[in-house]
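You will see chain A twice below: alongside chain B first, and alongside chain C after that.
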Partner chain A sequence: MSHSVLLLALVVVAVLAYWVGKSRALSLVGGGRGIRNLHSLPSYYGFMAALWCAIPALIVMVLWVSAQDTVISKLVLSRLPSSVQSLDAGQLSLLKNDIRNVVSGAIPAESASPEVQAAAAGYRQLRSIADLSLVAVLLLVSGLGLFLARARIAPTLRARNSVEGVVEFMLMACSTLAIFVTVGIVLSVLYEALRFFHAVPVHEFVFGLKWSPQIAMRADQVGSSGAFGAVPLFLGTAVISGIAMLVAVPIGLFSAIYLAEYADRRFRSAVKPVLEILAGIPTVVYGFFAALTLGPFIRQLGESMGLEVASESALSAGLVMGIMIIPFVSSLADDMITAVPQSLRDGAYALGATRSETIRQVVLRAALPGIVGGVLLAISRAIGETMIVVMAAGLAANMTANPLAALTTVTVQIVTLLTGDQEFDSPKTLAAFALGLVLFCVTLLLNVVALRVVRKYREQYE
Partner chain B sequence: MNTANPPVPENCSTVGVVTVENAVLSARGVDVYYGEKRAIKDVSVDIARNQVLAMIGPSGCGKSTFLRCLNRMNDTIEGCRVTGSITLEGQDIYDRSQDVVPLRARIGMVFQKPNPFPKSIYENVAYGPRIHGLAADRVELDEIVHTSLQRAGLWDEVKDRLTQPGTGLSGGQQQRLCIARTIAVNPEIILMDEPCSALDPIATARIEDLIDELREQYAIAIVTHSMQQAARVSQRTAYFHLGDLIEVGETDRIFTNPRHKLTEDYITGRFG
Partner chain C sequence: MNKAEQTRARVEAGLKRRYAAERRFRAYGLGAVLLGLAFVVLLFSTLVSQGWSAFRQAYVTLDVQYDAAIIDPEGTRDTATLSTADYAALVRASLKARFPEAQSRQETKALYALVSSSAAQAVQARILGDPSRIGGHERLTFLANDRVDQLLKGRIDRNLDEDSRSLTDQQVGWIDALAADGALSLHFNKGFFTQGDSREPEQAGVWGAVVGSLFTLGVTLLLSFPIGVSAAIYLEEFARRGKWTDLIEVNINNLAAVPSIVFGLLGLAVFLNFFGMPRSAPLVGGIVLTLLTLPTIIIASRAALKAVPPSIREAALGMGASRIQMVMHHVFPLAMPGILTGTIIGMARALGETAPLLMIGMVAFIVDVPKGLSDPATVLPVQVYLWADSAERAFVERTSAAILVLLAFLIVMNAAAVYLRNRFERRW
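So, the complex of A and B:
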């Protein structure tokens, strides 16, 4: 019996337990009008019985399933002839794999050695016993739970409180799970980054001017010494994000001002969703656009003016990234501008200020902290953006701020370092984690600052 | 400049005398529509120099709407339409040749909720003179800010912290700052839309004293929910009911001897 069927059966048993618990509670007080004598509504007694029935069984099942394979393997190995027992650990684990593959049918049984075939048969037999006994144990545990719950049910039992306690615990578990996952990600990145910093000193990474993450397999290979100075990557990221912000901030901000202050309602309701569609375009598609349309166009344009432009230029990646971020900036700025109370505008109008004076000197002034926060969020978005730059910005870690040259960013290098064949003992691969750590710290800092600014501003007008 | 009062439409149903000798602003047969809804019906009334006109009436009677017509603040509300004529010293303020910017500099307004700009106290007061170019240099601007704050009775409280944000003042101080801001552009008329409704009694008393002093230089129209306030600060009172101007007259006369049944009911507290 497969585990999903078992789970389904457990659900059915829990539903059954619900009815048992509920009808037990009702029959204790004589049903109908007797409900008022119960501490909780009848359904809470049902839920309590179902929880008592299902939760211990579920825990047993999880433990059993996670332990089953190890236990059975041990048993199978201990039954093998002593000649096999004396093998060293590596060969033993190979043998274990063979047995497992025969059991799962990945390799035909005929091609295996007689010992392996025998062991596989033993494995199968043990597993079917284990499966059967799991069913039996689960039935026992859930039945016992139901029995105990039914015995406990009395009109004075505070079923609602205990059910709500369990629900609260589950809610808490879900929220802590999210936190733990985040912490786990940070720790794993941190751990690998520390390994990298054992191989490459921190100052060399942070201040080094040459990025060339090749490690030779043999000593006589070309480029045998890797260089891990990340400054060209930081510079490339800064240049491309800077170009993106040069596009996104003015266009986003001005369109937000127009939509919030000047446009009539019909225009606004038509244009705002269209602007937000930009946010829904997958970044890969933006990447196509940058690499296949804008990049060659910029190169042709540059050549016609006598400029030398790389076909994968920082300019095309930055421009397209800017377009991607426009809706982000504009919708945040729009929120901030509309949050400025009408009374401030009225105050300015009543003094004889024109519309543009009111917007420039009063509305934007009031919305400024929020807009700054939005822009900071957009910057952190730009720094972390990967797909567009992978497709459009190139891989050359040039130490230049020239937007017409090919540049590379932190995210692009992480992708290239971690795709293809890996060896996790080389600084080349581990460098990706160090870069990831830097990226994480920078965007975290930007987000924290931005959120603080935005929150402070929101409080001001509530 | 004293122009003859525009004639009052013959079908005017308002009880009492709507005209005054030295009118500065005259409304004649004013209707205000919000979309299809007629919020103000055929209102004619004068606002006189050196006098406070109080507008009272139950909630939703249109007194604030009418007040906002007088400096065309209703222009910013979508679907709002004003017919009839409102003349400022003989000049129709809804005339197509009339620019609202200088108009609002001549007719200032103070709102229900204090709304200082997110700027310093100094900049709040200096804002109007700046945008209208009233001060030639910094010295003159300082002088305007000084006198305006002084006239608003706020100078002594804020003279040491002019650079601090205006939003940091107390509610009553903020409202006096808004009054200082309004008089800094030297208007002829000040409109006040329930200026004390967000303030405590002590701050209210200060504002009321201030209104009485300001009357010496400006024409004032004040919308208020408090009949006591109307009685204390105004010389003439207008009673609005469901968009109609029911009765206008000397404040003493309105409160002691109302002629219209509705006015009497409101003043004696039968509704409102």
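So, the complex of A and C:
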């Protein structure tokens, strides 16, 4: 029986328990007329019974399912003839794989050796026993829970309080998930990155000038080739993000100024949503645009001017990334500008300043910390952006700041290192996690600083 | 001249310059806005002009002889023989019959290349559907090869030199002859919406990716909505201010700004390597996207809950409701439109997300439409990425068309969010 069917059955049993609990509570006080003698509404007794019935059963099921495979594998292996048991660990794990494949039907049983076939049959038998006993145990546990709950139900039982306690606990558990996710990211990325730093020293990774992870595929060159210097990647990321910011900051800032200070209400309400479309477009679409429309266009333009442009130039990726970030900058700047109190503007007008003088010398200066915070957030966006650079920037790690050359970024390398073959011990794949760690730390730092700046600024005028 | 007049003269002398600066500044602002709008227009017009033609596809109609000697020479009519027969030979024969002038090996090969390789399967389906057709003949419509399709759509320049285009002069002649008979024409491309991916551009469709996206988003919705809303309710209605709550809040805000690819690394390291979940599965993709969208949903839900005025809570508590009853019966239903809007926006973001899914192996080339949560699958944006990488010219228009499909979904979702907001939002 598959686990989803079991879960469904558990739900059915819980619904049944609800009715049992509810009708038990009602019958104790002599039906609907005696309802005021109950501490809680009848449905709370039902919910309580359902929870007593379902929660222990659910816990048992999760534990059982997570342990089942390991236990059965151990049993199957212990039953194998002693000649097989004395094999070394590598061969044993191969054998285990074979057995597993036969069981799942991935390879036909006839092609396997007799021991494997016998073991697979044993495995199947054990598994069906385990499945049946799981059903029995679940029935027992949920039945016992229901029985206990039903016995506890009395008119004075504070059923609502116990049900609400459980609900509140669940709500709290959900809110702590964010912490677990952060811890999970840090631990998983850090763990693999540390394994990488065993093979390649940290200073070589951070200060090395040469990046060519493919060379390290050969065993004799692992770690000693010096091919894991990430500086070219950092440089490429910086150049492309820099180009993006050169596009996004002026356009975003000026359009925010225009929309907040000059445009009338109708123009603003018509234009703002259209600009925000740019923020909602998936990044693959930008990547496609950069790679197939803008890239060739820039190349032709450059060639007509006698410049040598790589077909995957940093310029096209950076420009398109800038377009993507425009609405991000402009909506943050808009918030900051509208947060500046009108009294400051009125003061400037009273001194005879023109509108643009007021904006430049009063509003923008007052909003500057907030705008800087917004720009920092935008930079962290640009650094972490993946699809545009994967599709439009190059793979070659060139040590140049020339925007017309092909440059590569941290995110591009993470994707190329991890979408090919999957050996989890080679420095090549582990390097991706080291890059991920750098990416995580840098963006985290930018975000923390930016959020602090923005918050401090907001409080200033509240 | 007294002092006031001097000042006035200085101000007036500078006025012209200052007004010019004012106009310039204003023009920069308007220019920036117009530039932004121009990008939107450029992006959409590029996509539409490249992509719309993929919704029509070239089909060839040929007279096919169901030659018994080729299909079933021994006359047994059993399914094994019928399903392994050389149906491509029938298609080739009918092409040959139409253009007998193709003689040399090279010429016949060029001729056979006009029809898609899926034609043989179409013939096979006819015969398996009704074996009594053997011996007769029938006019069947097949997919044309992608290059024929591109020529008809004008995307291959027929004025180019023969060597620099992918069709020979002779092939162009045959194509023109077929088109003149009405045997070759463009029709609505049904296959694009009903088939999975394929190496042959003319057979490639988005349906597999759409189903993969639906499964993935389904998992994401089922997980992220209850968890996100519960977390928001706890933080907004129950949590006492303190270190613990602050820690949770800082975490949520930071997660909202972590690059999406880092979530992919987490999925790879934890779900695939540690828990051993299947690669390329919508289940894992959905879980990863859940982690990604949770902050969005939590933040939006908290804002919606915060917008419900305290008087509602006080009234409920005053009537003797417990805190849970107050939230479940009054605050939550009132905040529901805002929460749903936030959820839809989060889902729209998840639908367009690509990078983390690359990490967990959803980039594989998958022909079959996924049937369950653990089948290997791909999603729409990843399909766009895969097609954008393909060399064939015909994939460019399919990529644009797939993007149009993706954008259509996004527009519908965002329109639903806007509708919900306008229809149900209450100002207190």
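One rule holds in what follows: the second predicted complex is superposed on the first by the 348 of 462 C-alpha atoms of A that agree within 3 Å, B and C clash if a C-alpha of one lies under 4 Å from a C-alpha of the other, contacts with A are read in each partner's own complex, and residues count from 1 in each chain.
Throughout what follows, a contact is a pair of C-beta atoms (placed from the backbone, for glycine too) under 8 Å apart; a residue touches a chain by one contact, two chains touch by 3 or more.
Quick caveat: nothing in here was measured; it's all calculated off a predicted structure.
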First, second, both or neither for A:Val362, with chain B first and chain C second: first
Chain B versus chain C as contact partner of A:Arg265, first or second or both or neither: first
Chain B versus chain C as contact partner of A:Ala89, first or second or both or neither: neither
Residue contacts with chain A in the superposition, chain B compared against chain C: C
Chain B versus chain C as contact partner of A:Val181, first or second or both or neither: second
First (chain B), second (chain C), both or neither touched by A:Met305: neither
Which of chain B and chain C A:Ser343 touches, first, second, both or neither: first
Contacts of A:Thr354 with chain B and chain C, given as first, second, both or neither: both
Those residues of chain A which chain B touches in one complex and chain C touches in the other: 352, 354, 357
Chain B-touching residues of chain A, taken from the complex the two chains share: 264-265, 341, 343-354, 357, 361-362, 365-366, 460
Touching residues (chain side chain B, partner chain A) in the complex: 71, 73, 76, 78, 100-105, 108-109, 111, 113, 115-119, 127-128, 131-132, 167, 178, 181-182, 185
Residues of chain A defined as touching chain C within the complex: 160, 164, 167-168, 170-172, 174-179, 181-182, 184-185, 188-189, 191-192, 250-255, 257-259, 261-263, 271, 274-275, 277-278, 280-285, 287-289, 291-293, 323, 326-327, 330, 352, 354-357, 359-360, 377, 380-381, 383-387, 390-391, 411, 414-415, 418-419, 424, 432-433, 436, 439-440, 443-444, 447-448, 451
Interface residues, chain C side, partner chain A - complex: 11, 18-19, 21-22, 24-26, 28-33, 35-37, 39-40, 43, 46-47, 226-228, 230-235, 238-239, 247-248, 251-255, 257-263, 265-266, 268-270, 273-274, 291, 294-295, 298, 322-324, 348, 351-355, 358-359, 361, 363, 381-382, 384-385, 388-389, 396, 399-400, 403, 406-407, 410, 414
